[in-house]
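Take this structure first; my questions come after.
Which chain is which? They are A, B, C and D, in the order written, and residues in each are numbered from 1.
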Amino acid sequence: MSNSANNDNPVRHKLRRIIFGTDTPAGKYFDIILMVCIVLSVLLILLDTIAPIHKQYGELIRTSEWIFTIIFTTEYVLRLYCSINRWQYARSFFGVVDLVSILPSYLALIFPGANVALALRVLRLFRVFRVLKLLRYLSDGNVLLRAMVMSSRKVFIFFFSVSLIVMVLSVIMYVVEGPNNGFSSIPKAMYWTIVTITTVGYGDITPQTALGQTIAAATMLIGYSILAIPTGILTAEISNEMLRERDLRKCSNCGRHGHDKDASFCNHCGTELEQMDLHQKD
Amino acid sequence: MSNSANNDNPVRHKLRRIIFGTDTPAGKYFDIILMVCIVLSVLLILLDTIAPIHKQYGELIRTSEWIFTIIFTTEYVLRLYCSINRWQYARSFFGVVDLVSILPSYLALIFPGANVALALRVLRLFRVFRVLKLLRYLSDGNVLLRAMVMSSRKVFIFFFSVSLIVMVLSVIMYVVEGPNNGFSSIPKAMYWTIVTITTVGYGDITPQTALGQTIAAATMLIGYSILAIPTGILTAEISNEMLRERDLRKCSNCGRHGHDKDASFCNHCGTELEQMDLHQKD
Amino acid sequence: MSNSANNDNPVRHKLRRIIFGTDTPAGKYFDIILMVCIVLSVLLILLDTIAPIHKQYGELIRTSEWIFTIIFTTEYVLRLYCSINRWQYARSFFGVVDLVSILPSYLALIFPGANVALALRVLRLFRVFRVLKLLRYLSDGNVLLRAMVMSSRKVFIFFFSVSLIVMVLSVIMYVVEGPNNGFSSIPKAMYWTIVTITTVGYGDITPQTALGQTIAAATMLIGYSILAIPTGILTAEISNEMLRERDLRKCSNCGRHGHDKDASFCNHCGTELEQMDLHQKD
Amino acid sequence: MSNSANNDNPVRHKLRRIIFGTDTPAGKYFDIILMVCIVLSVLLILLDTIAPIHKQYGELIRTSEWIFTIIFTTEYVLRLYCSINRWQYARSFFGVVDLVSILPSYLALIFPGANVALALRVLRLFRVFRVLKLLRYLSDGNVLLRAMVMSSRKVFIFFFSVSLIVMVLSVIMYVVEGPNNGFSSIPKAMYWTIVTITTVGYGDITPQTALGQTIAAATMLIGYSILAIPTGILTAEISNEMLRERDLRKCSNCGRHGHDKDASFCNHCGTELEQMDLHQKD
């Protein structure tokens, strides 16, 4: 009952090692079974929306769905029970995801036919992240994340400029093509412009007049050039981040990382750096 | 009446601080209200082109449109009144945009049914730039702009080569597919070629003969390779521009460039570098 | 009968030089003839699936197909006969490909109408690799391969994130558009999301409601930004790999790396560099 | 009549300066008039293929076409007449283009209805290159060209691998979807695979079965990743070429260019390089 760690009973301690840890065989099996359950339950939700499958196996899927809900509810209660600081777990990202992934099933009992509940149930997939314990991949993910954060301001300017171009092109196409050729309103013309400028090109709305097709061709070429920009920004940032990552030397005085490859002195405090063991690098 | 700054009356001075400045609470509120007005007025113009909305709310939108026009006219007159050099303001980029964004409403009174006036009204969105006072983003925007200017000659050669390739492929497809399969003229075939080479692919015109489909497949593969070029050029230029941003300080001892933005010591000889004014940079 | 190399009879030795080697005129002719046979036999398989060609030339193609099968069978038996270690050859990549490319024809005799057999027969094309003796291209291929291996973890995280985004967007679109507009199930909505996010845009399923089109437009823009990431990762890795290719020699005086491939002297201290074995590199 | 330069008569010399040179006012006017003629004649050929324009202005266009042919024929004869080495001019790239751009009109007289002749006439556009005297852009064009030549082997391996992947995917889709869903033959399935893998996505052939759509989704994702490779290769090569371009220092001993930015000694002969004026660089 108590939240303090010192009067931790052995059962709770052992459960915590199984549920939160991965260093025991039982902990590993728990993770694998949980991951299979998550993937299976999401797959069932997806398959249930296919009409012929719903017709034939609907009852079976609903039963399995409830079994999974009970499993996940038990797991959530156990996690709450054995975590050292319960309130902290409940408020953490994964704590919320764990709750959100079981709530919709119960809500569907109270408010039948709630379609949105279905959407929330798919959020279960986020729980896979927890099981994968993506520790090994974290440093690589960090490079991507930092590259994106570093370039976020450039990307914002880019999106602002793109939306202005989309606006101007949409108005021109709305005036040129008009409602008779599918450009029934400026928002519809904006939809067309985005479909064209991102090179998706559904073809549900296409220019019919010669002038419209000329402007469309120009839109494609301009759009293509514009959209090379985010690729360029991201590539440059990822390159920078990777170069920074590669240099693992640490200053013996101030402990800084990330020196240039050919640096002989720390650029922060001026201490001479040890020579890099290049064989270790390759 | 006088344009000179010395006989500036206090009302005009205060107005200028509110309208052009952002350092007073009143100036900040003015900017926020103006930005909301701009976005709302543009949204109304867009929504008004949707037939059912125009039918039901047309009168309301027209009234709001006039209220916004009066607001923007008042603002334009006030800006003219309180700017130190009126003629300079009127000729400046934002002065022209401010005028252009209110003129169409008045023109629509004189020449009813002018569709082009509508297009000009959307230019109001450019005024958002002014309100955003994109100072913080300017240095990032500059990198993009300089990268594009630096690569403009390469991009020109690229577009010239692409248009030649488009021309040759269009003639071949016109000869191979012919008017019966939708390639009714060479300009139409050029439209198809650009739709294909930019990977937009509407599908409103598609090759029907086996030979045409083979040439189309070749077009796609060649086109894809060709269009990797502007991405490559831009990426390389953006990388260069980013590197140059770091390049500004020079070691007073060994003369080395290319230090990290946050470096305090030269990484080659350990001499202390002069401090960078980071506020200016950020 | 014996696998040992010492009691190698001269016929077997000569055959091995012709079949596996390229240093004799006979060996070269053998390779050229084999390559023509492979390409022709694959072309025949492709053409045979075109209905009018099958009708008119079906008998001819079937006969040729058997001739090629006999040629390839003879070749396989000869390769087995004259290879130094037969079992090693049979288990090698090309040994398996050689077997797989002749088996389907015989299987089609036993199990008539096996369509899958057809698919396996096309694997013959892999044998072209052997004939091309892609030695000259190997070092370039290695750069690509290493770049891909180096970035595989980043790519894995990327694909995992993309599949989560696809899942969430599919559920939203399924709820918003519903079965009446072609989004008949979540898997179908996932198909649409991938078609849209990769900018393929068939247009067989398109959003019909205003809200759906807005989400679709957002999907395209987000998707486009996301998909710039693998390009960025690969470009950065390929750049790195290319730089590393230059990195192999070390100055004996100052220990510097990173000399140009064709450099003869260290660009830092002017000491002569050891000659690079260019034939090994090229 | 004589080809030797010494008995060059003054008229021929003056003509050569006008036709081949750009340093006299007459030479400049000649170039401008010629360029206008080329662009106009190509525009006429394009417009003539549009049915309503051909109906109304067909006679006028045919007359103009003949006027242009006579102008270009005169120009070709003059070029032949006044060039120092006539045979060398006739065999040069632009000599052949000049001839090819006038021949089709005469051929159309002898063989009426030759559609291919039309295609050749469009080659006139290549002549614009000559008039543009793309000297200013040549160094930039060289970077692109060298980057493409440098990466041609990688691109070849890439295209070979792509064609293998296309082949395998086509066969799978042909077996899965079959002739009833538009995949009537393997070549048709290959057309679909290329349309999909390059993200063109016409939508004229789309998978109908659930399995087919799953494979199609995988094709798109795999294809997208694969096609990031040529972009990556080109970007890396262009970056390399640009870096090499930037360094303009020349070795005083062996005359070599393209040293590294921070090089102190020529990497070819070991001579000390002059220090780079860095202010000139920025």
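Worth a mention:
As a convention for this text, contacts are C-beta pairs under 8 Å (C-beta built on N, C-alpha and C of every residue); 3 or more make two chains touch, one makes a residue touch a chain.
Since we're looking at a predicted model, the values are computed, not measured.
Relative to chain A, the chain whose mean Cα position lies farthest away is D.
The pair with more inter-chain C-beta contacts, choosing from B-C and A-C, is A-C. Copies chain B and chain D of the same chain sequence form an interface built mainly from non-equivalent positions, shared numbers / all numbers used being under half. One simple way to say how far apart two chains are is to compare their mean CA positions; for chain A and chain D this gives 42 Å.
Look at where the CA atoms of chain A average out and do the same for chain C: the two points lie 30 Å apart.
Inter-chain centre distance (chain B to chain C, centres taken as mean C-alpha positions): 42 Å.
Residues of chain A in contact with at least two other chains: 187-188, 190, 199-203, 231, 235, 239.
Chain contact summary for the complex, chain D toward chain B: residues 42, 45-47, 49-51, 115-116, 118-119, 122-123, 125-126, 134, 136-137, 140-141, 143-144, 147, 155, 159, 162, 187-188, 190-191, 194-195, 198-204, 227, 230-231, 234-235, 237-239, 242, 278, 282. On chain D, the positions that touch chain A within their shared complex are 199-203, 231, 235.
Residue ranges of chain D in contact with chain C, taken from their complex: 153-154, 156-158, 164, 167-168, 171-172, 174-175, 179, 184-188, 190, 196, 199-203, 206, 210, 213-214, 216-217, 220-221, 223-225, 228-229, 231-233, 235-236, 239-240, 258-260, 262-272.
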